[in-house]
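I'd like to ask some things about the structure below.
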Amino acid sequence: MSRQWTVYLSGEIHTDWREQIETGVRERDLNVALVAPVTDHAKSDDCGVDILRAEDDKFWHDHKGAKINAIRTRTLIEDADVVVVRFGDKYRQWNAAFDAGYAAALGKSIITLHDPELTHALKEVDGAADAVCQTPQQVVEILEYVIRQQ
Amino acid sequence: MSRQWTVYLSGEIHTDWREQIETGVRERDLNVALVAPVTDHAKSDDCGVDILRAEDDKFWHDHKGAKINAIRTRTLIEDADVVVVRFGDKYRQWNAAFDAGYAAALGKSIITLHDPELTHALKEVDGAADAVCQTPQQVVEILEYVIRQQ
Amino acid sequence: MSRQWTVYLSGEIHTDWREQIETGVRERDLNVALVAPVTDHAKSDDCGVDILRAEDDKFWHDHKGAKINAIRTRTLIEDADVVVVRFGDKYRQWNAAFDAGYAAALGKSIITLHDPELTHALKEVDGAADAVCQTPQQVVEILEYVIRQQ
Amino acid sequence: MSRQWTVYLSGEIHTDWREQIETGVRERDLNVALVAPVTDHAKSDDCGVDILRAEDDKFWHDHKGAKINAIRTRTLIEDADVVVVRFGDKYRQWNAAFDAGYAAALGKSIITLHDPELTHALKEVDGAADAVCQTPQQVVEILEYVIRQQ
Amino acid sequence: MSRQWTVYLSGEIHTDWREQIETGVRERDLNVALVAPVTDHAKSDDCGVDILRAEDDKFWHDHKGAKINAIRTRTLIEDADVVVVRFGDKYRQWNAAFDAGYAAALGKSIITLHDPELTHALKEVDGAADAVCQTPQQVVEILEYVIRQQ
Amino acid sequence: MSRQWTVYLSGEIHTDWREQIETGVRERDLNVALVAPVTDHAKSDDCGVDILRAEDDKFWHDHKGAKINAIRTRTLIEDADVVVVRFGDKYRQWNAAFDAGYAAALGKSIITLHDPELTHALKEVDGAADAVCQTPQQVVEILEYVIRQQ
Amino acid sequence: MSRQWTVYLSGEIHTDWREQIETGVRERDLNVALVAPVTDHAKSDDCGVDILRAEDDKFWHDHKGAKINAIRTRTLIEDADVVVVRFGDKYRQWNAAFDAGYAAALGKSIITLHDPELTHALKEVDGAADAVCQTPQQVVEILEYVIRQQ
Amino acid sequence: MSRQWTVYLSGEIHTDWREQIETGVRERDLNVALVAPVTDHAKSDDCGVDILRAEDDKFWHDHKGAKINAIRTRTLIEDADVVVVRFGDKYRQWNAAFDAGYAAALGKSIITLHDPELTHALKEVDGAADAVCQTPQQVVEILEYVIRQQ
């Protein structure tokens, strides 16, 4: 059987771009395992204090959650062949840029996905990418080309 | 002679935080080599087309500059013992978060420097840091403690 | 099928914390392979001289056993995605702290598990951990969250 | 000029074993740079809250200090050719065992230094060591032999 | 079941050498996964602008395609046990030599495949190879010997 | 299902020690994949000139064979969890010692297997081993203990 | 004193591009160590048989030289911060492309230097580069910008 | 000043080949640091029990010495640019072959030095070497060529 490709989908969690990629990958029957961070915003923020004891101080509240999320995030990025990093028009999304830097240092193939108006602000991140897409459909086409040669 | 520590100062280029750290390090006579990305905003944006041929398309204008800046940035981060990452209140600063991710994957010690109101947005980056500072003075004190034990 | 996570359970061998984690993982039907050092105290102490020739000197008796145990321990830690390190209230448990250091240098995700009264003594080990738990149940909940997002 | 060897002295901070090694190294005029963690107990415990804001919760008080100390500790261990790990008869010294595990995973040469009565408890740590000493003098003799062939 | 060997077939895309190796491997029933770059010349040249927006400048046209092809190429070379590099008598084939250098730095086993008249020009590449073949049949025989001992 | 362990059997090819280990492993139903270099002496010597063109010069005759054998040897050692190195009483067996050094630098667990009279000559190789056995039976017992805890 | 940058100049040995870069670097007083392969064509071809015994077979004549040259080449590339790869209009220059691939796999910053008419043939190599220059003067300007920020 | 090359001289300790290389290197004024294992046979055998407590069992007597010698040997091999491995006609010299394997796995350049009659027995070791010499003079000439291009 053909090689399975593992693709990590990092970044924005407020639009359905992951679902669009998933649909595209399934329609084309690509041998791809799509993985992602926890995308439930509330859970992702509160997992630390939900599971462990509560914190009065918001810094530690956030910190405990961030560390637990990192168990998932870094393990899956290290596993991935390709890391897709999506930047939307809201929020600061520093975690997406952090993931891109982390992936770059590990030598992963990186695909960024964002609107053209973010081009200047993202030039360093795009500079580390193998492809810069504007639509999830383009990401799927790249995956299909890379995996199936067509 | 004592070991020289190399500290990379990543991020914001519009306030004098690097100078404050430099002054503090000099006043305390710490054996530290401070390094940084190109901090001249215009040069950093245009170095690609200034040195190589011009580009009509803004994307490639930015891209060529970003790649040349990366020669400096990544070489110096790989050299560093400690990477300080500063986030200000303006601009998106995705390159700073990218540097933090890059440094984290290389196992560098990371110190972040930002106002408390950015805490939630930076929780993943702070989660990868060994210390989270609010003032350049605190960064200098950590360097002094780490290097000189006092 | 979903990714299998490999979790190494290091440390104390005199209470049933491993069984509690195993039960929790099975009840929640998590795709986890739990691995561990040899947990039979007598065998672990004597494996060297049981299999190879006896030693008059207790140092070499211990040494031969420790080296054979290391074949298992290090191979499984290197395989693991997550290393859980348990400290109990008896014995010195230096091997648990050694495992934690070994895992940290390899960039593994680390979860510690111990009573609050050990906090000060374990501060360096906890400092390298992504989560500090007090009960096996919390470890299971973190694994469930990290693997299944809930 | 001959190669300088860097030797990290990890562990116990309540007896003068580091000074004895330093004296021995100086008397024999060995080209050795001795490095160590912060050995001032109070400073080492409180550096986090001394430099950054105070913490009500003792866990975070300790945590912040441990992370800052780790900047020094890990940088210097990664630099070292040889890591000497000293275990005394007091305290739990899990940080010493953690350092030994960290050094082992990095492939450093390890020398342990402890009384014979700790042999059984330290068998896994000693199993990763290239030499097990009982006196600082023996450590110095090994360094002299290794560096100067005599 | 026996271990599957992954063999990357780099280089010339204008003769049927890959098919000959595939036929040989199948006839001998070797447990080998053969992988390769995209071998459709036109697609390989135009994939960048086919999927993403068009480029007026031929340099960027080529560049975008090359980067997307690199996602496939480097991922598969990093996966491979053996990299076979074929040089034909046409074109400059710098990408084949680039792949050979890339594989060499990763410590992969390399087999080159070319006519004797290219020997002098390829001496550095052959110097990094474990075997220098003149026919696809020889490559197959080496694979059979290496995998099956006969 | 339990983890499969991969064990590379390096060294002597003139006695049946590999078969003894294979029998022992099968009898105990251990989940072990045993791998080895090409053990047919004549084929191993002549594979280079059998497959590629003949060589007048014995040095190159040997060299071509050694390089092709290295494709198998190094790939399988890099795959292995444990490397068993057997030294017999005949021949110089420098390739066995070379394999041991290669495995040691990769951080593999090493078990040596030889008669006591070779102890002094093999002290550096044994020094890098986790266990020093005299019989294939002992190797099997160590594998059983390490894999199955009994 | 400022950091010294090490720059490896790979490729074409028949024009004076290395001298031009050297002159430019000296005129601007940049803290750069320029290193290169052996650039004496005859010596580079014959070093193997000049130092060791002669070879009747041209393949081995070339092979011995290539291996000795590789001692210099790979050691210096591994040392370098930046690798400049020059392609001229003559010869096949597969060694230059090999060096580029080798440098890319090591994560080195790469600058290519060639005429625009080679763009299509070099697209994979340029795709791995941080800058694509047409003149040695541009290479010097990039080095000056990267090192001195101006 | 030109780069200093570090060359480790492994193997035989009963003839003056190291002195010949040292003389040659000095006469040609090459910028080379020559390093070596402890070459005093008696000290090398007994260093373990001379410094630490005596051992009744010859195995542990040897073992303790081998481990202490390894501190020197591995540190210096890891530092070296080139590892020269000398095989004489006496003793089994498994430590020399071990060093060669260790150096090969680290990607070091290897030069072997031995009489032609050892060619067949050393074919695997020579297969990993960049040059196979018969005289110390040839080693010096290679070093001069590699370092000084002449």
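Letters A, B, C, D, E, F, G and H mark the chains in the order given here, with residues in each chain numbered from 1 onward.
The rule is short, and it goes like this: contacts are C-beta pairs under 8 Å (C-beta built on N, C-alpha and C of every residue); 3 or more make two chains touch, one makes a residue touch a chain.
These figures come from a predicted structure and were not determined experimentally.
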- Separation of chain E from chain H in touching-chain steps, minimised, is 2
- Which pair, A-C or F-H, has more C-beta contacts? F-H
- Note on the structure: Rotating chain F so its CA atoms sit on chain G gives an angle in degrees, to the nearest 5, of 180
- Query: What chain lies farthest away from chain E once each centre is taken as the mean of the Cα atoms?
  - Reply: D
- Item | Identified repeat of the C-D interface (over half of residue pairs identical), from G-H, A-C or F-H | F-H
- Have a look at where chain C meets chain D and say same if over half of the interface residue numbers show up on both copies, different if under half do. same
- Greatest centre-to-centre gap (Cα means) from chain A is with chain H
- Message: How many angstrom lie between the centres of chain A and chain E, each centre taken as the mean Cα position?
- Response: 31
- Between chain D and chain F, tell me the centre distance in angstrom, where each centre is the average of that chain's C-alpha atoms. 37
- Starting from the mean Cα coordinates of chain B and chain F, work out the distance between those two points in Å. 49
- Among the residues of chain F, which are close enough to touch at least two other chains? 67, 70, 132
- List of chain E residues in touch with chain G within their complex: 58-59, 62-63, 65-67, 69-70, 73, 87, 91-106, 116, 119-128, 132
- chain F contacts chain E in the complex at 33, 35, 38-40, 43, 47-48, 51-52, 64, 67-68, 70-72, 74-76, 79
- Message: Help me check something: in the complex, which residues belonging to chain D touch chain H?
- Response: 3, 5, 81-82, 107, 109, 111, 130-133, 138, 141-142, 145-147, 149-150
